[in-house]
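Heads up: the structure comes next, in structure tokens.
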């Protein structure tokens, strides 16, 4: 029972990071109907830049975190300017956007490789002070709690931003119908830039938290989360933010449970992707999704 | 002749790789030509490679039997997952096939018969350069000729507008599955040839990166004309060698160049490099309007 | 026997009733008009007829055989061709190629002779090309044969869609607003075209908002309103039917 509880908690923690990452994916998809495959690269760069700020510039993690997140957000705006905006008018923009995001992913990853080297690195010891709590056989570290708190905070901030602020409402309007939004006088290009900023900022934040949680960062850390992120948004429903969060947590739980049940981590990913596959076949709109999934 | 043998000795391996990549790119082209954004061909190549390798190594099957079985097995798997998966549109099909690819890769890593993460080692070298290019020539010819047949027209109609194609009497399910399966068979065949090329195959060679690379070869080369994937594969496979020749050996720069090429192509030359070589011939003028009524 | 017998077709979308017990026959060799206010369900009915949507209940008989459960390509194979309200051409193909693509049901184009580039294949192709050009001539855009579909004018695109439908050699042609946006000359030409097709044993079911066009070319008209059939009759009868006038023609009577 305690093992189960422990796994549940672990699953929740890693799930919240997955959820945070997936929200970025799904936000762009919801607004633009485009899958931004450069998102994992921003995830990586966010983590690496935070590390550099802590290690190289000797900032505390509490200062490095928001700075790196800001940087990631700006990367997102850059991404939009270079790779998505020029293609907006094209008839096949969802496809060409996908391809140019792949191109940008390659470029970003090569930048990470070039600037930070191919080694796996970690945040210096003492970056985050560690307390450990044990109760009823379950171990929880302060790091885990902080990660979940940050993730939750960010998602709450996002939700209130989308529902309370003008820009947030504009984003939701564009997600509903770009043309109508334009007709209503909404400055769609600015809204899209904001969307990318937020999405990439969240992705970068997820990268930092991921690096802290697993105590390791590398230029290709995006790879491990790339497909998982896709699985999460499919599970939760493309374009749905609560779905991404729910999906992330569900995914994290299923991962952890698979390891616990089978006793090995080998099949962990296989189960995840089989589930992804089945969902696409049976209920492609996911748990909470919207949007056209099948051909007419 | 002396120059020739010297050339082959130095560049033989590269030429083989070009041939293999061109064949794989062509296999994806078939599926893309019917408008299906499948990213599963690397996995199909893996299925072909592993089954052929296992047959040769563990069951002493003759080379031809192994190759053909590998190709057919890939085709059978394609038929099995194709029917449900091809109902998904665009990006969802891509994700589903990526997920499928991951499952295949993980299976290869975890099964004993496939040698696990170390891969299948010690496959006898039976593939020659001539075999690869013979297969490439045959496949190219087949695909080129298919263009003006009922199958070719059906693929293209589906690609242009699936709904309109359906009401024109085209059985879209049948033709989409056909394009998917033919692509898988060619990929499986290529994988089988590849397995007998270098004594060893590893699961990582048939994963996410490989799948994306095949797409990139097609995009850069051009998807309107069968020469496109060949062009793209040749260029991008030889590029590292060319870069090395001018002194660029570092990983990040090579990677960055690939990304930049892809970006430039999708932004400025969306129909690929093929469209550079004479707009008229790249666009199909397979039906010319020289009819008795005197129209031109 | 009627060519087409539509019997109590009903279709709901979520909570919205798009079609409610729609019934009317379409007689062989006639131009049958389908009119009604926007949202009346006309296009939905065409989608059901062509197999893109399945009805919740009811039946459709083509020459006595039920077709309402068949997939679109099977219905097409039975001789039913259609055009779309929003025009669905193959944008990257030129006019001739669009029509050739429409020859799927009537042109064999087997792979094997083409693999060997046999002369029989080349002769076959020549014949098909000529037939495709004939379709283009029929609708009056033969001189635009090499132009890409996406570069055509609006009127030309509507005609190309009809040409592609004709390439299928259908016995029933379903046209969804074929003359929308056309001016007098185009209206005359299309009207003449439709009449000439009837003379060749085709049957046409036509959705249109252009009332004078409908009154001129159609021998029978069915009126849909809010998803149900209001009435079916000759243009004269429709023009004087009080409910039709009230629901659709604005109470001022109709002008042929």
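Quick notes
Which chain is which? They are A, B and C, in the order written, and residues in each are numbered from 1.
By our rule, a residue touches a chain if its C-beta (ideal position, glycine included) is under 8 Å from a C-beta of that chain, and two chains touch if they have at least 3 such contacts.
Quick caveat, the model's predicted, so the values are computed rather than measured.
Of all the chains shown, the one with its CA centroid nearest the global CA centroid is B. In this assembly, A is the chain whose CA centroid lies farthest from the centroid of chain C. Chain A and chain B have CA centres that are 31 Å apart.
If you average the Cα atoms of chain A and of chain C, the two centres end up 48 Å apart. Each chain gets one centre point, the mean of its Cα atoms, and the points for chain B and chain C are 40 Å apart. Across the assembly, chain C contributes 52, 91 as residues in contact with two or more other chains.
The residues of chain B that reach two or more other chains are 163, listed in rising order. Among all residues of chain A, those that touch two or more other chains are 296. Against chain A, the residues of chain B that register as touching in their complex are 37, 84-85, 87-92, 94-96, 98-100, 102-103, 106-107, 109-110, 162-163, 208, 212, 215-216, 219, 250-253, 255-256, 258-260, 262-263, 266-267, 270.
Residues of chain C that touch chain B in their complex: 50-52, 71-73, 75-77, 81-82, 84, 88-93, 96-97, 100-105, 107-111, 114-115, 117, 125, 129-130, 132-133, 137, 142-143, 145-146, 164, 168.
Within the complex, the chain B residues that touch chain C are 141-142, 145-146, 148-151, 153-154, 156-157, 160-161, 163-172, 224, 283-289, 291-293, 295-296. By the touch criterion stated above, chain A contacts chain B in their complex at residues 35, 82-83, 86-87, 90, 94-96, 98-100, 102-107, 109-111, 113-114, 118, 223, 226-227, 230-231, 234, 266-267, 269-270, 273-274, 276-277, 280-281, 284, 292-296.
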